[in-house]
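The two complexes that follow have chain A in common; it is paired with chain B in the first and with chain C in the second.
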Partner chain A sequence: MSGNSTYNPSNGFTRWLDERLPIMRLGHDTAVSYPVPKNLNYWWTFGGILTFMLVAQIITGVVLAMHYVPTTALAFASVEHIMRDVNYGWVLRYTHANGASMFFIAVYIHMFRGLYYGSYKAPREILWILGCLIYLLMMATAFFGYVLPWGQMSFWGATVITNLFGAIPLVGQSVATWLWGGFAIGDPTINRFFSLHYLFPFLIFGVVILHIWALHVTGQNNPAGVEVKNKEQDTVPFTPYATVKDAFGLSVFLIMFAYFVFYAPNSLGDVENYTQANSLKTPLHIVPEWYLLPFYAILRAVPSKLGGVILMFGAIAILFVLPWLDTSKVRSARFRPLYKQFFWLFLVVCLVLGWCGGQMPDNVLFSVGGVDIIVTHLARVLTFYYFFHFIVLFPLLGLIERPKPLPESIAASVLGGKTAAAKA
Partner chain B sequence: MKMKMIQKLTLAAAVASLAMATAFLPAGSARASAEGPELHEVDWSFNGPFGTFDRSQLRRGYKVYKEVCATCHSMQYVHFRNLGEPGGPEFTGPEVKALAAGYQVQDGPDLSGDMFERPGEGKDVFPAPYANEEAAAASLGAYPPDLSLVAKSRVGGPDYIHALMIGYTEAPADVTVPAGGYYNPYFTAGSGIIAMPPPLSDGQVDYDDGTPNTAEQMSQDVSAFLMWTAEPKLEARHRLGFQVMAYLLALAGILFFATRKIWADQH
Partner chain C sequence: MADIHAVEPTRRDFLYVATGAFAAIGAGAAVWPLIDQMNPDASVLALASIELDIGAVPVGQEITVKWRGKPVFVRHRTEAEVAAADAVDITELKDPQTDDQRLMAGPDGKLEKQWLILVGICTHLGCVPLAYKGEYDGYFCPCHGSVYDTSGRIRKGPAPTNLEVPPYQFVSDTKIKIG
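What follows is the complex of A and B.
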């Protein structure tokens, strides 16, 4: 859909500029004339929301970095300095800290939307892979960032995660020492985590540009999952249609964001992180932030440390090959009666895995005939399903499922929905 | 068709957020209730989106802190000047000066290279009662935690502090309390055994505003004071929050109608 450019320089300067650096043309083609399938629903506004969140995190983060001190002795105190003495420092920090959670809420919705509507399938494999790469970079960035306030959970979270690399055979301990910059987590560690936490968002920004580029080559998927056949009938120009719709979606999202920042700023964090890091005092219950809990549950579900690490990273790695695991030619779950049910099951599995990650692994869920079923047992079943879903069901469903008839075109699917919409 | 799907997805989102809420919210309370008794939820003046601190309560709480807690506990992130800032106890300028001057703080080195003591000023933090954690632990049996952030670093916050202050009871028969320890079921971090003696008793601190100085009242006052030391910008946060919310709701409303109008020719 990288059709011919419709940009028309309106005056002498823009004509002059266009012949030298067609940046106005790029902007016009990307955000004004770009054709958007007219049947997109509000689940498609999360790309714009994510772009906004990335920029918001970078801006608040750059200002926070002006006041933050990355040393073990001063990091915690410098955060309190931001909260107490920097003008509007508390808004900046609460926005940045909760912004990370909002960023992940948005990215999870964005990813599950892709899973539901088959947005990862040809010709959008590269688009999907770039998205997975952004997600991976986001998790690394969030992890580095969580260490910086140097609270108890920062320190012990960093200890758990960096020790995972110690599970690598032969070189594990050397890798851990290399990551720490010493024989334990200390000043070199916090300083390099700060450096990387500042760097990674710009890597994300770079991959986002590739992600949007790939998107604009293939065009957007849509709820019907059929390609654009007739640009006139099937699409509308990005501006004003998608612009205003994305802006409305974003404004609603921001209301939720503002609720957390102003009325529940610490509800998504752990109370332990308001106590300064103490390497001699291990918290009773070490947990990562909520958005990493499903992976933490997978890690703890495996009895062997190396096995747990492999499955945890495998759970992310498998996302990269989804386009080739799915054998179904039909994209949208709307027309895939079997897949649709398993999609919802998978969503529930991920949420319950997250719940497991936040619990003490030995907590007893229930007893059957004198045998205690604990959180770890549940996490094992769910971990099994997580991989079963992708490795077995994805190839299998495409072969055994009888999809419903697809609409002729996007325009036809919109017209088909018109009567229902009118009734509602 | 489309509507049906939107309904379904909305339902799914509701289910998802509910599942998320159950996953994260009870994690804290489960931890608290699994080991300690349920916290009594005080109807604090600072609760809710429009909550503000009660100035007189903060001033009373400060008095309790100064006369009782400060004997053992430090408060390293709070400056004397904070006591006069908006949104806190709001002592007057001269009052802040006078109460800061009541402390001796170390300064220096002077021109001959010696450290010296001088009366406290607004710019100083509250001097700690012990030189370091080790000195405090050696003298008291355990290190009394710094109180600046304690209302945010404990599950239950001010409700927890209040419950702990007045929650001392006789130890149950199956619990042995070691010498120098006390039994307090709310102190889950020590499985009920706490080194701090019961800090408050009726009539202990003289209130000059006529409020009855019961242990219950003093406990509430000092808990509110510690909420302020942990979150001194709470009132500014609630105020700005209201403005931001009003703006966003208006913006969302305008954008809703703009979207409807622009998309009208497509439906």
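What follows is the complex of A and C.
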């Protein structure tokens, strides 16, 4: 898709610049003349939304760092200082804290979009892997950030997560001590987490550039899942078509974001985190932020420390090899009647796993013949399905499924809606 | 590489390998301080031991003190708790240890069976277990449901090992030094 540049410097300065640093050309080719499939739907606006969220998080974060103090004695008080004393501190902090949740909502939609339309398949494997890497970095960044307010959940969440490394045979305890810089979470820990929380978004930014680069090499996937064959018929220029669509999608997204910031700023957080960290008292119920709950459920579902840790990280690691697990040649679930059903089942499984992660593990769901079925049992079944979906269904469905006929081209799928079998 | 078919390594090959090896050692030496700076520093290591008067803890109660930033349980066990801990068949345990192996002798050389000193950190993922809770009336971890007995041994749940016994000694009948 990275065809010839159509950039035309319009005046003396831009001509002079273009011969020395063709940055205007890069911008033009990337965001103006870049051809996008003309059938993209609103699920494709989340890339732009995510870019916006990354920038918003970096800006609010840099500003918050001007007022925050990363020590165990002052961290909690400095966050309250931001909320009460700093001019507009409350809106900056609420934007940053809820921004993290919005970032994850957007990334999950973006990822499930990719799963539904087969965006990870050849030739977009690297694009997908870079996305997985961004997701991993996002989770690490969110984790570091959650520790900084030094509330009870900050402290105990950090304790649980850093102790995961203690499950590594032989060197586990040394690794945990190395992460803490002491024998428990303390001053050295919060200080380094602050440093890393500041660094990681810029790592994400770097990988995002690679992600967009890879995207512009292969071109976007699209709801029909067929490649662009004729640039004239199948694509439209990024500006104004995608720009305006992205802007509209972003506006709607920002309305939801604003609702949370202004009307329900603490609804996604845990009240426990408004109690200062106390290393002698564990809260009765430790839960991570909502976006990590499915993985937390997997961790708790396994009755072995090392096994739980392996499955939890495995649940993320398996995403990286997905392009080679899926044997189907058809990308879009529109033309995959079987996969489509399992896709929705998988989505439900992930949501219910998340629900399990937020419950007390011993809560009884129902009783059958005197036997109590508890949350842990449900989580085990769902954990099994999670891996079954990747390891068994993805390879198997491609072999046994009979896909519907694909549209001849993107143009045909758009224009032939009344006649073609392409209509989903 | 014109000499790719050469059988004998040349002086140049030797120089390549030697230079590469030296560069690798140099890079390792440069990176090590960047990694090791994250380990506990001298000021953290200096706070290694505390002395504690335990005479005021009544039978059947427990206090929690802080040592190296971690909670330490000092439990004055009842006769019944000691008996329950002793009666366990250790072959049934996940992390087999007798009660006696988890205790220290007093200044007179006799085992202080009524004093149980533990690091109050669940060996699963580091939460602080609740005392006098759980099936064995020992400890119960609220995070992921590990159950410990009155000797702090793991009996049920995901924790892999018994609650850790910190290094300590009896300075006198009612005084201990932890660390």
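To be clear about the criterion, the second predicted complex is superposed on the first by the 417 of 424 C-alpha atoms of A that agree within 3 Å, B and C clash if a C-alpha of one lies under 4 Å from a C-alpha of the other, contacts with A are read in each partner's own complex, and residues count from 1 in each chain.
Going forward, contacts are C-beta pairs under 8 Å (C-beta built on N, C-alpha and C of every residue); 3 or more make two chains touch, one makes a residue touch a chain.
The shown structure was predicted, so the numbers you read here are calculated from the model rather than taken from an experiment.
After superposition on chain A, the partners chain B and chain C are accommodated together without colliding.
In the superposed model, the angle subtended at the C-alpha centre of chain A by the C-alpha centres of chain B and chain C comes to 70 degrees, rounded to the nearest 10. Residue contacts after overlaying the shared chain place A:345 against neither chain B nor chain C.
After overlaying the two complexes on the shared chain, residue contacts for A:285 are found with chain B and with chain C alike. Using the contact criterion defined above for the overlaid structures, shared-chain residue A:373 touches neither chain B nor chain C, since it reaches no partner. When the shared chain is aligned, chain C comes close enough to touch A:304, but chain B does not.
In the superposed model, A:362 makes contact with chain C only, not with chain B.
Once chain A of one complex is fitted onto chain A of the other, the partner contacts of A:263 are limited to chain B, with no touch recorded for chain C. Of the two partner chains placed by the overlay, only chain C lies in contact with A:184; chain B stays clear of it.
Of the two partner chains placed by superposition, only chain B is touched by A:223; chain C is not.
In the superposed three-chain model, the partner touching more residues of chain A is B, compared with the other of chain B and chain C. Of all C-alpha pairs spanning chain B and chain C in the superposed arrangement, the closest lie 13 Å apart. Comparing the two interfaces of chain A, the one with chain B and the one with chain C have residues 284-285 in common. Interface residues of chain A facing chain C in the complex, by the touch rule stated above, are 156, 159-160, 162-164, 166-167, 177-186, 188, 192, 279-286, 300, 302-306, 308, 361-362.
Contact residues on chain B toward chain A in their complex (touch as defined above): 1-6, 9, 12, 16, 19-20, 22-25, 27-28, 31, 49, 77, 82, 145, 148-149, 152-155, 189, 230, 232-233, 236-238, 240-241, 244-245, 248-249, 251-252, 255-256, 258-259, 262-263, 266-267.
Put simply, chain A touches chain B in their complex at residues 38-39, 41-43, 77, 80, 83-84, 90-91, 94, 223, 236, 240-241, 244-245, 247-248, 251-252, 254-255, 258-259, 261-263, 265-268, 271-275, 284-285, 287, 290, 293, 334, 344, 347-348, 351-352, 354-355, 358-359, 414, 416-418, 420-421, 423-424. If you check the complex, the residues on chain C that touch chain A are 35, 38-41, 44, 64, 66, 68-71, 120-121, 124-128, 141-145, 157-160.
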